[in-house]
Amino acid sequence: MSDIQQHTIGIILNGVTGRMGSSQHLMRSIVAIRRDGGVRLADGSVIMPRPILVGRNVAKLRRLADEAGLEEISTDLDAVLSDDAYPVYFDAQTTDRRVEAVTAAIQAGKDVYCEKPTALNSADALRLYHLAREAGCKNGVVQDKLFLPGLRKLRRLIDQKFFGRIFAVRGEFGYWVFEGDTTPTQRPSWNSRKEDGGGIILDMFSHWRYVLDNLFGRVRSVCCLGATHIHKRWDESARPFQCTADDSAYAMFELDGDIIVQFNSSWATRVRRDDLLTIQVDGTDGSAVAGLRDCRIQPASATPRPVWNPDVDQPLDFYDGWQDVPEYETYDNAFRAQWEKFLKHVHADEAFPWTLLEGAKCVQLAELATESWEKRRWVDVPPLT
Amino acid sequence: MSDIQQHTIGIILNGVTGRMGSSQHLMRSIVAIRRDGGVRLADGSVIMPRPILVGRNVAKLRRLADEAGLEEISTDLDAVLSDDAYPVYFDAQTTDRRVEAVTAAIQAGKDVYCEKPTALNSADALRLYHLAREAGCKNGVVQDKLFLPGLRKLRRLIDQKFFGRIFAVRGEFGYWVFEGDTTPTQRPSWNSRKEDGGGIILDMFSHWRYVLDNLFGRVRSVCCLGATHIHKRWDESARPFQCTADDSAYAMFELDGDIIVQFNSSWATRVRRDDLLTIQVDGTDGSAVAGLRDCRIQPASATPRPVWNPDVDQPLDFYDGWQDVPEYETYDNAFRAQWEKFLKHVHADEAFPWTLLEGAKCVQLAELATESWEKRRWVDVPPLT
Amino acid sequence: MSDIQQHTIGIILNGVTGRMGSSQHLMRSIVAIRRDGGVRLADGSVIMPRPILVGRNVAKLRRLADEAGLEEISTDLDAVLSDDAYPVYFDAQTTDRRVEAVTAAIQAGKDVYCEKPTALNSADALRLYHLAREAGCKNGVVQDKLFLPGLRKLRRLIDQKFFGRIFAVRGEFGYWVFEGDTTPTQRPSWNSRKEDGGGIILDMFSHWRYVLDNLFGRVRSVCCLGATHIHKRWDESARPFQCTADDSAYAMFELDGDIIVQFNSSWATRVRRDDLLTIQVDGTDGSAVAGLRDCRIQPASATPRPVWNPDVDQPLDFYDGWQDVPEYETYDNAFRAQWEKFLKHVHADEAFPWTLLEGAKCVQLAELATESWEKRRWVDVPPLT
Amino acid sequence: MSDIQQHTIGIILNGVTGRMGSSQHLMRSIVAIRRDGGVRLADGSVIMPRPILVGRNVAKLRRLADEAGLEEISTDLDAVLSDDAYPVYFDAQTTDRRVEAVTAAIQAGKDVYCEKPTALNSADALRLYHLAREAGCKNGVVQDKLFLPGLRKLRRLIDQKFFGRIFAVRGEFGYWVFEGDTTPTQRPSWNSRKEDGGGIILDMFSHWRYVLDNLFGRVRSVCCLGATHIHKRWDESARPFQCTADDSAYAMFELDGDIIVQFNSSWATRVRRDDLLTIQVDGTDGSAVAGLRDCRIQPASATPRPVWNPDVDQPLDFYDGWQDVPEYETYDNAFRAQWEKFLKHVHADEAFPWTLLEGAKCVQLAELATESWEKRRWVDVPPLT
């Protein structure tokens, strides 16, 4: 065991006391990697992350560190940024604090990795990217959906040219987020208030951008309609409040390659489909429907030939005639998978295409979708550089 | 049996040698009504339709009449229109011939009933309505989808206020129409040629108009994107041809009552849903998904509370937790059901809201959807009178 | 009805009192075509076959004609051949009588159609073809397996390029033919006697030739091992006899396109597979297993990734992961389907590629397979012209 | 417990750092035997193996020893061979190193046991056997397939004379080995390169020889056709390479007793059968189909009597009518089962028929199969002594 060479990388984890930060980034990624002996490289050596938890509430930090079996915590970000023992900075704070902190980290020469959205508007987001590039800092943005088993199966089908020419994609995301009166809600109340940065377009279109760009083709234009279907909800203190943020968005996208995407996102819909997120891809040679973890396919040769006859019960069961894509590999947690790639990028210079530039594109799409909604027309998506 | 009073109504059936005309209107409606002893009225008497088949090809008319067990045929429309034995005129010709023939029928004082679309543009369609009104002719347009068992169940749910406030509707229509090379196609080739009047918007948006108007609320505006996903098909003589008409349309509608509708129509998609047409309705108190014949509901109180955790297989089966709406009645063929209502309207003056005005609205929506596609923006739907 | 133009074709049916002749050619083909109003042509007119039954046993002929609802029979072949009312001659006699009778029919100027094998050796079979060609007689040979629904589905998969590059084909034909002592046998006893023309190679390799040539590629070489696994059987009179003919044949073929075929035929095997005949096709993009009527496919993207671990029960069910090819059309009886094509060939000159030349190739393969068995080596298959 | 007499046998394990060596021979055999308290003999005493791991990479040896809970390792084979504490030598190196090492072990007076193939050609393999015999060394070769539960059930059926006279055997081995581009492959890349000793004939025909010889009868002659169906694969570094070794082999064998065997082996086929390896045995009184662990039988008295009628769906399900052979005993891992027999042979002189002579026969069959492929004819298999 002692023969294995180990490369320790100090990582500043800022803002991981929140729900996503603590469960996905700290426990299921960094702590899990440490428990499994680090990230193994091709030469047999391993990268071992050494995290320090940074935040504003020392009691919360201490409790989380205990839970994670860690020692190092700090409430003094500036001090930690000037400490060479931590060459990597990670940011999972609320969005409004991100630009300032990431900028400081870049100026301190850190390699930076952060949650999305990277900024409140695309100009700021793009500026962050340019800063990092000029400073020569490696950089990355969380794009976890790409690492969902269901979407990785889609990726493989595309690589295998299963679909022939892809021409249409349909996405359905969402579920019923309870109002919080009789049944506890599943999401924080600020999500439903525009003035607090809430809204499904801002939250989810960042994801749809990198999913579409990476799997199918560059997003060329967008047409979006938002809505606030549920007018009244109850907050964490069981007080009713007026919902001001969009809880649903109906969108169409045009992609390079003349692919048309129709994508619904809603926290006010009841689910009658395979999963909370489903993406149907239609191509000349076959179709697939991916969920978070599963993916079903129907090749052209097995496509049923239905007859329209409402006078009799439909003789075909349209859920038959689809086959599960087999599990060829074990899929790690999506966040951990991307963390491992980022650590290999930092240490061994392996490829990592999901930079702050990609993060800026995500912010851009949410911005343009909102513009489309306001102007009631299609909006083109200009290239970012 | 002989005591039953019988009111015979002579009906001119023009253009029923086609597929829809012969099977739906002649065999499954008029002939079926005759075989079952006519349409029974509240007073116990019956209306007995007495059809005459009118067309251009005498051999075809003769064969069809034989098959239907009928005697009367004619190739001389003018003569039949001037014959008082036939007070009702029905038109199922190709659309380009409809305005002229229906106009003549109105001028001859007939009550008129016809297939949709009633004209090639909404101006002509509206003119037909005004003509009929001024002439005092009763009039109607086929709106068969309203009489589908699945949509009638939706109607009843709405009447029962099952949904609370309805805020969103999602429609999915379509299936894979084979290209015709290795597997026989299911639709005539002219459907795929713009120059021959083909296109899914022209064909289906007429239906979506009356479905939305009647079930949910007046269509206020439309945003539509059409596409020709399949570029090459094979015609009835197995010759390849270029597709010029739209085979798919992605649309959003806003309805009175702030209801948002997202509706996909496609002849180039593989079906992984309950039926060839499904309509999901989301309301504050519950949701429903209707197919052609079935309808499933999920009340608020039975709505599951899913957790987003892609690290484990989804523990919920989202197809459970929906209940079938029971079959409280036997549903007749949709075309026949509307025929019976029209005959009662003609004879007994019962209500029949699906007039030529409604037909004009249907043409209007297809027209405006096309305009929206061209202009890449939302288009408002002005009231027709 | 009386408007439909009808073309009557007189057909001499010689030797249809046997099992295959009476059930497949007479009852399920000619009689069925007559009952359904003839073979419909593109112009709306129909071909109506008018058969005369010819044979040696007048009582048998009379009985069969009664059963078939026919009038005309004869025991004088020469007389019938010289009668211009019958321009088509069909032969389903035992193989040893075929060459003489078909030769006479050609000399009488008939178009000829016949059962396989067309002769006892390929030289005779080829001579028949040349005779017919020189005489300008249309000609055809029964190749019914091509019209099996399962093989037609295979054909469509090939046309759809479902398989990518096909490299391997495995055929399994056969079942247990009972010895005839305690359980009645399913086949005539002469099948088991070499001296009476029996043997599975002679019987079945004719079929495999046209199946392979037509579906996959020209047969280039053959390696065959025959065997008489069951030594003793009981004949129609319950008398035991020594089996002298091969009841099983194990063969490999090489086809154009570097496709390798491995094909077992046996009347001494117990069936644990989908059907009495199964053909597995393996290609780079997918595989299929066709039976007589069904066909299952597995695309590359749904191919499971098994692990070899005999210490635990196999976790995969290898019968899952295959999808039925849908029934896109209704398949007629295979013999009738080919009869209809031959009649259209005779009357309307439609294409009919299954000529006496193809019949000669079938005889050739049986001949060369036998030679391979004797010489214990691969034998090349020279082109026939 | 302490009363049990224990006979320790020192065993040199050479080359067990590879996949098969470490998992099957070390962990599941030697370590498992040790953990279970040794191999119990009839007199109640036990044989306790005491292994020393020998190899070239000390780090790998150390890691493997740790994992196995062992102490002794060495990189000096000569030293270990001259150490009397280890009377048994086991070889699982790559084939090209085996002859030299086993020869040295024999010369050092060790009893030898080794993996197959025992040499690169049958002359060398036979020479090893003669050397061992002359030196009086006990010797054995791994023939694990014989100890598969499925094949042991076959063995018992044969012993029970279930089959009557066996006349035919059909083997199907193989599955889809992924190319390694989009889906990870299941086998090392050298398997696909002739120049690195790859090829399915070399790998698998060794197994088929001892399976056939032991279960059914001596292999008398072979006819084999090899093929490289997949032309391009991706290696361990994701680099594409040209495949030069055979990935499929279609073979026929004749055995003593006039049994005909048809055996397909392929790494380029999709599996629609019971298991990765299936062997069907047909006999006059019954048939069986064995997989790796299961075995199904159909006695003559339960054999269905199918009817050939492609006009209707086959009324018989040919997977019914077979019965599972019950599990009368618990089957150990196949490698362990043979190890135990070898240890009893060494210590207690119990019978062990799977000597180096049998190993030489296995090499011989692969050799002659390749010759048959090249010469395109049957090749006889001369006896080895």
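Each chain carries a letter (A, B, C and D) given by its place in the written order, and its residues are counted from 1.
One rule holds in what follows: a residue touches a chain if its C-beta (ideal position, glycine included) is under 8 Å from a C-beta of that chain, and two chains touch if they have at least 3 such contacts.
Keep in mind the model is a prediction, meaning the values are calculated, not measured.
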{"item": "Shared interface partners, meaning chains that touch chain B and chain C", "value": "A"}
{"item": "Cα-centroid distance, chain B relative to chain D, in whole angstrom", "value": "68"}
{"item": "Chain centre separation in whole Å, for chain C relative to chain A (CA means)", "value": "60"}
{"item": "Distance between chain centroids, defined by C-alpha means - chain C, chain D (Å)", "value": "42"}
{"item": "Rounded Å distance between chain A and chain D, as computed from the means of their C-alpha atoms", "value": "49"}
{"item": "Per-residue overlap in chain B, given as positions that touch at least 2 other chains", "value": "178, 183-184"}
{"item": "Pairwise touch network: line, ring, star, complete, or other", "value": "other"}
{"item": "Of all residues in chain A, those that touch chain C in their complex", "value": "156-157, 160, 162, 286, 297, 299-305, 321, 323-326, 328"}
{"item": "Of all residues in chain D, those that touch chain A in their complex", "value": "59, 62-63, 66, 178, 181-184"}
{"item": "Chain D to chain C touching residues, read off their complex", "value": "28, 148-149, 167-168, 170, 175-176, 178, 183-184, 186, 223, 225, 227, 229-230, 248, 250, 252, 260, 262, 264, 266, 268-276, 280, 282, 284, 286-287, 289, 291-294, 296, 298, 303-308, 310-311, 313-314, 318-319, 322, 333-334, 375-378"}
{"item": "Residues of chain A defined as touching chain D within the complex", "value": "1, 3, 156, 159-160, 328-329"}
